[in-house]
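Two complexes are shown next, each including chain A; its partner changes from chain B in the first to chain C in the second.
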Partner chain A sequence: MSESLLQAPPAAEAFANQPDWLREARQQAALRFDALPRPSRTDEAWRFSNLRAFDPQDFTPARPVALEVTDSLLPLSLGADSHAGSLVFANDKLVARTRSAVADQGVIWLPLEEAIEQHPELVQRYFMRSEALFGSAKHLALHQASVRTGTFLYVPKGVKVEAPLQAFHWIAGSGQSIFPHTLLIAEEGSSVTFVDWFKAHSDSRNLACGVHDLHVGQGAEVHYVSVQDWSRQTVALHSNATVVGAGGKAVHLSLHLGGSFARSESVSHLRGAGARSEMLAATVADGAQEFDQRTLQDHCSPDTSSDLLYKNALYDEAKTIFAGLIRVAPHAHRTDAYQKVRNLVLSAEAEAVSLPGLEILADQVRCSHGATTGEINAEELFYMQARGISERDAYRLITYGFLNEVIERLPENSLRVRLQEALQARLAGH
Partner chain B sequence: MSLVIHNLHARVVGGQQILRGLNLEIEKGSVHAIMGPNGSGKSTLSKVIAGHPDYEVTEGEVLLDGVNVLGMEPDARSRAGLFLAFQYPVEIPGVSNANFIRAALQARLAAGEELEATEYYGDLYKEMDRLEIPRNFTARSVNEGFSGGEKKRNEVLQMAMLKPSYAILDETDSGLDIDALKVVSAGVNALRGPSLGILVITHYQRLLDYITPDVVHVLVAGRIVRSAGPELALELEAKGYDWIRDELSEAALAAEPVHA
Partner chain C sequence: MSTETLSQLDVDRTRGDFHYPEQHTFDAGSGLSHATVDYISNVKGEPDWIREFRHKALDVFFSKPMPTHWASEDLENIIFEKIRYYLANAQRPTRSWDEVPDDVKRTFERLGIPEQERKFLAGVEAQFDSEAVYSNMKKALGDQGVVFVGSTDGLKEHPELFKKWFGKVIPTGDNKFSALNSAVFSGGSFIYVPPGVKVKHPLQAYFRINAENFGQFERTLIIADEGSEVMYMEGCTAPKFETATLHSAVVELVALKGAKIQYVTVQNWSANVFNLVTKRAIAHEEAEVKWIDCNIGSRLTMKYPGVILKGRKARGEVLSIALANNGQHQDTGAKMIHAADETTSNIIAKSISIGKGRSSYRGLVHIPKHLKGCKNNTECDALLINSTSRTDTYPAITVRGSGNSVQHEASVSQVSAEQIFYMQQRGLSEAQAMSLSVNGFVNDLVREFPMEYSVELKRLIDLEMEDSVG
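== the complex of A and B ==
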C-alpha cells in the first residue's frame, strides 16, 4: 500500500500552477489528517455510528480511467433535459464538459483546477472556509489534502441562471478514493440551480470523500441537489456547509441511494435578517447499508428561518442515524425553525435512530422539531389492493410516495422527473 | 353472469358478528341498492366482499361469475372484476393520481406488457372530462387535500378506467352537495350497461333519485329483510327504518345464526 492516504496524501502536486496559499493549506491539511485521532464512538458526533465500516488506508487515490470506460460513462451522464451545462468527472479527472451559454451572463463555471488558475482570489476567498462541526475534522483534512478537481460556480450580482447546471462525479475501479468538490457562490440577488450526480461505474468498493459548499449572498436564491448513487459497497463521506446572507434562500435536497456506509453532514448558517434555508433529504436504505446524517440549523441573525425535512425508508437490516440540532444565537430573535424526520420502517430488522436537538438562546422564537417512525399504513395498502395493485407493488408505490414528497419540494420540473426516475429505479427491486 | 352472495356470515376479526346470513344476487346489467339503518352492516358488507383484513368470513360464499372470491387477496378480487368505491377514499401522499391509476391498469396486464402512455392519457382525459375533473388532477397526490366531491369523483374515475364487472358503491353520496351528487351520479349512469352489475349502498334515498335502482333491499342486523322495486326506497324515506323493524319479529332480528 505504497500510496496509502495516511503515508502520502496525494494531491500536494495535483494542481498545476498551484498558488502558495493553496500549497500551504494542503500541506497543513495533510499534517492535520495524520495528527488527528480516528473518530471514536464515544464522541457525541459519532454516537451510534459504525466506525469499523472502513479504514481510509484501504483505498488509494483514484487512477485515471481507461478511454473505453469514459466512453461508457458519457451516455449515462445526461441529467435533467433542460440543463444549461454539464461537467463530467471520472476518478477525479474532468473527462467531458458541455459549453454553456451562462458564460455570456458573466457566470464563472469551471472545473476547480481551472478556477484556481484563472480566478485565484475568488477561490481563495471561499475555498474550504467552514470549520468541521461534527467530528469530521479528519475527513475534511483528508479532503483538503487530496482534492484534485470539482466544480467552481460563481454567479455574479443580479444574474439569474434559469436552467440547472450540473456535474457528474463517477468512480470506477475498486479500492479507489475520490474527493469530489463543489464550491458555489451566488452573489447578491442572483439565482441558480446546481445538481451533483454521484455515480459508480461498477459495483465495487471505493471511498468518496466530498465537500460541497454553498455561499448564498443577500437576496440570492440557490437550489442545490445532490444525488448520491454510489455503488452499494462505497464508503461515502459528504460534508456540506451553506452560508445564507440577508434575505437569501438556500434549498438543499439530497437523494441518498448508494453506499455501504454513507455519512452526510449538512450545516446551514443563517447570517442576515430574512435568510432562509430548506434542508431536504430522501434516503433509501436496504441490505446492510448505514446512513449517518448530521445536521445543524444555525440561526445567527434575527428573523431567519429554516425548514428541515429528512425522510428515510428502511428495508432489511439497514440502519439510519439522524442527529440534528437547531441552534439559535442569543440575538437571533424571531427565528422560525422547523425540523422533521420521518422514518418508514419496512423490516423488523431495520433500525432508525433519531436524535433531534434544540439549543435556543434568543427570545420570541418559533422552533419545532419532531421525529416519527412508522410502518406502511394499512388503509393505504388496502386501498391500493382494492384497485388490483399487488401487495408488493403497493408497498413500493407507497414508499415511493413517501420519499417523493421530498422531491416534490423542488420547483424545477424536468429535474424532479429525473430524481423520481432515480428513486423508482432504486426501489425497483423491492 | 352475476355476483352471488350466499349465506354470508362475517365479523370483525376476533370481535362482533355483523353479517348473519346475507343472501343477494346482482346480475350483470342491473343496479341493486341496499339501504339500512346505521349499524346494520352496510359498510361491512362492502369491505368483506372486497377482502378487508379487519373482517373474517365465518360462513358463506361470494361468487363472482361462479368463482368464489373469498379465498383471494383483495388485489386478485379487483383484477377478477370487482370494484369498491370507498365511502372514505384514502389519501396517498406523494403518489400522483395518474401514477396510481396507471399502476392499477398495469397490474391487469400480463408480465412484460407495458401500458401505452398516449392511449392511457387519452382514456384518462376522456373520463375526466365526463366527470368534470380538471386536468391538473392527474399530478395531484391521490385524494390528498381533495374536497368530498373531488374524492367521490375520483372513485368514479377509477371505476371508469378499471372497467369492473361488478361495482359496489359504498355511501357514495355521503359528503356531497347536490351539484357534486349530480355529477357523480351522471358518471355512474354513463357506466351502466349490460357488462356491469352495480350495488349501491346508501343510508338515504336521495342518491336513488339520480341512480335509479332495479331492486332495493333493506339490510337490518346483518341480513336482507326485504327486497322490492325502487318504490321501496320511497317508502323507507317516508316512513323511516323503524317501520320495517316493527314489522319484523324481535326474534328474527335477535336470532344468532346457526353454525354448522
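== the complex of A and C ==
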C-alpha cells in the first residue's frame, strides 16, 4: 500500500461537525498506518498470501462520480424485491436513498456521516471497537483514517424488522480507493437482515478497504449478507467483526465473486452464554484471481455454538486460501463448534490452500473441522451426460449446486433468489 | 497382562529414572563453538569432507533464528552455552555384552535390552550418551549383506553409500535444529538392506541419556534398496535431572523402488528433555514408508515425521499417538510432500491431554501442480481429560490442480461422564474406567502397531492415567 493512500481529504471535510474524539481517533489511525510495518509472509496471519498484491499503487481517494454515471447505476441498485429500504453510495458518497418505514419502529437507519451528527454517543460506543486480528492492524488503521461514509443501522430492543435492509457501494473510475463501512447494532431481542452489495461501474483497477462490524445483543438475531462483486481488477480488503451476546444469533453469509486479490477477514466473538454464530461463504475464483479468507470462531463463554461452511470453486489459475481457527477459551465449557471448508478444483492450474485450526482450552467441548479438496465426481458427470446434458452444462450445474448449498442456508426467499441469480451470472461464462 | 509381556520392552518412565556416576574419557566440555566441532571430528578421526560439513552446519545453526514466531516460546529456555555436546567412553561399540563397561551394562540390563534381543530382535544397537556402546546383529543377516552399524562406523566402512545419501533427505539448513545436529552429530544407526532382502525381525536401537546438561544428537540413515523390507524400532529414556537436557536427532530414510520401511518410535524421555527431532523419508516408485510415532515423555517435543513421495505410486503413512501430562507439550504431526502421480498418503494422529498437558497437531500436505491421482487422508482426534488440558490443531493443506483428492478431519472430545458412570456401576474404579476409555480412544490405531509395542503402550497409558482423576 502506498503513501498516496493516505492523501485522503482532511477528516474535517469527510464529516461535517466531526466530534473531537473522532477527529483524534482518525489522526491516531493515520499515524498508526504510517508506523506499522507492511505485512510479511512470515506472519502466520499472512501465510501463503500473495503480498505482491500490496505493492505500492497509485490509488487516490475516490472522487465524486458524474451525474450521468449515477443515473446509470441506480437502475442496477435494486436488490431483493421485498426490501425495507436502500442506501446507494458511489465512490464513498451517498447518491440515493429510499424512503423506509423502519424509522417508525424506532430503527435508526442512516448514512454514517448523518449518524455521527445525530447520534454521536451511539457511534462513539461502537465505532471500530474491535481489536485488529489476522495481522490486519495496518489496513484497519487505513480504513479508520480514510472512511467517509457507510451504513449505520441501530435496531432498538425487541424490534423486529421483517424485510431486509440493504446498501449498495459502487466504485467508478480507475485508480480510486473507497472505504465502505457497515455498523450494525441489534439490541436485546431484536431481529434484522441487512445486505451489502459491493459493485463496480467498470472493469478497472481500484482499491476497496471495508470494515463491517455487527453487534448482536442478548437474544437478538442478525442476518448479514455481503455480495462482493467488485471488478476483476480490484484489490479488496474486507474485515468483519461480529460480537454476539447471550442467547443471540448471528448469520453472516458472503458471496465472493470479484477482485484480483480479495482478502476477507471474519471473526465471531461469542461473548455471552448460549450465543450462536453461523459463518457461510461461497466463492467463485477464476482467471488469476486470489481469494484470501481468514476466519476465527472465538468462543469466550460457556454453551456457545458456531458453524462455519466455506465453499470455493476454482477455475483457471485461481488461488484460494482458507485459514480458519476455532478458539475455545478456558471456561468456555460445553462449546459446540464446527468448521468445514470444501474446495472444488476445476482446472489443472488452480490452487487451494486450507489451514483449518483448533485451539481448545476448555472442557466438555465438541469441536471438529473438515477440509476437503477434490474434483467433480465422474459418476455425477456421466449421470448428467447420459440424460442429454452437455459436459459443459453438467460441469456448470454441478458447480452451481455445490455453491448453492451455502445460499440455501438463508431463510429469506426473495434475497436468496437474488444471490442465486448473481451466482448464475458469475458462472455463465464457464 | 502377563508379567512376561511387561518385561519384554521397557519404556516405563520410572524404570528409566536412575543414573550412574559419569566416567567419560571424551568430553567436549560445555558450550558450542567451532572448537567443539573440531574436538568431535578429531576424536572420531573423520575425513575432511565431514569436518567441513560440520563447520558449515554450525554457521547455519548460528545464523538461523529460533522458530518462536509459530512454535512454543519454551524453546527460549534452551541454554546452548550450558549444554555438553559430546560425552563418550570409547569410540567403537563392542559386539559382546561382556565387553561393555559394568555400569553401562547394568543400565541396559535394568532396561531389559539383552533380554529383548534374545527374544525377538534381529539386531540391537545401544547408545549411551554420545556413542553406541553395543551393536550386534544376527549373523544370517550379515551374510545377506545387511548392514546395521552406528553412524560413525557406517561412515568409515561404507563411505560411498553413506556419502551418497547423507544429508540428502534433510538438508543442513532445513531448520535450526537439523543444522545443530549436522554440526555435532554422533551415534545413531546406519542401515543398508540390499535389493530383495526382507528383514523379518525388527532392528532396534536404544537411546539412553545418562549425563546431566547433556545434548544427544544421534544421526540415523536407513537405506532400503529395491524391493527390500525392514522395520526399525527405537526407544529412549533418560533420568530426571533438575536441568534441561536436549535431544535433537536427524533421521533420514531412503526407500528405493518397491522397498518398504517401517520406523517405530516410543519416546519416553523424562520430563526435563527438550526433544526436537527432524525425521523425513524419500519414497521412490511404489515404495512404502510408514512412521509409527508415540510420544509419551519429554518436556517439549517438536517432531513432524515426513515422507517425500518421489516416485509414482509411492505411499506414505504416519500413525501418531501423543500423550501430554502436566508440564508437557507434545507438538507433533506429519508432513506429506507429493511429488509424483498416483502417490497416496495417510495420516492418523491421536492425542490425549491430561492435567495441564498440551498437545498440538501440526501438519503439512502438499500436492503441487500437474500431478494426477494423488490422494491424502488425514484424521486428527484429540481427547481432553481435564478442564485445564489444552489441545490445538494446525494443519496446512495445499492442492494444485484437479484430479487429486484430499480430505482432512479433526475432532476434539472428552471422556463422557456417562461412560465413566456406566463402568463404575459395574465395579470399576474411576481411574480404571478412565484408563479403559482412553485405551478405547487409541485402540484402532494401536492395533496397527507391532504387537509388543501395542501391549507396552496400553500399559503406559494405564500408568499415566493413574493420577489423572479426582
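Throughout what follows, the second predicted complex is superposed on the first by the 415 of 430 C-alpha atoms of A that agree within 3 Å, B and C clash if a C-alpha of one lies under 4 Å from a C-alpha of the other, contacts with A are read in each partner's own complex, and residues count from 1 in each chain.
Here is the rule we use: a contact is a pair of C-beta atoms (placed from the backbone, for glycine too) under 8 Å apart; a residue touches a chain by one contact, two chains touch by 3 or more.
Computed from a prediction, not measured in an experiment: that's the story for all the values here.
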Original post:
After superposition on the shared chain, which partner residues are touched by A:L257: those of chain B (first), chain C (second), both, or neither?
Top reply: neither
Subject >> Touching partner for A:V216 - first (chain B), second (chain C), both, neither >> reply: neither
**OP:** Examine A:F402 and indicate which partner it touches, taking first as chain B and second as chain C; both and neither are also allowed.
**Re:** first
Original post:
Thinking of the overlay built on chain A, is A:V102 touched by chain B (first), by chain C (second), by both, or by neither?
Top reply: neither
**OP:** Report the partner of chain A that touches more of its residues: chain B or chain C.
**Re:** C
Original post:
What residues on chain A touch chain C, complex-wise?
Top reply: 42-44, 47-48, 330, 333, 343, 345-376
Original post:
Within the complex, which stretch of chain C touches chain A?
Top reply: 69-70, 369-370, 382, 384, 386-414
**OP:** Mind listing the chain B positions that touch chain A in their complex?
**Re:** 50-53, 73-75, 77-79, 84, 86, 89-95, 99-101, 103-104, 107-108, 141, 158, 162
Original post:
What residues on chain A touch chain B, complex-wise?
Top reply: 378-380, 382-391, 393-394, 397-398, 400-405, 408
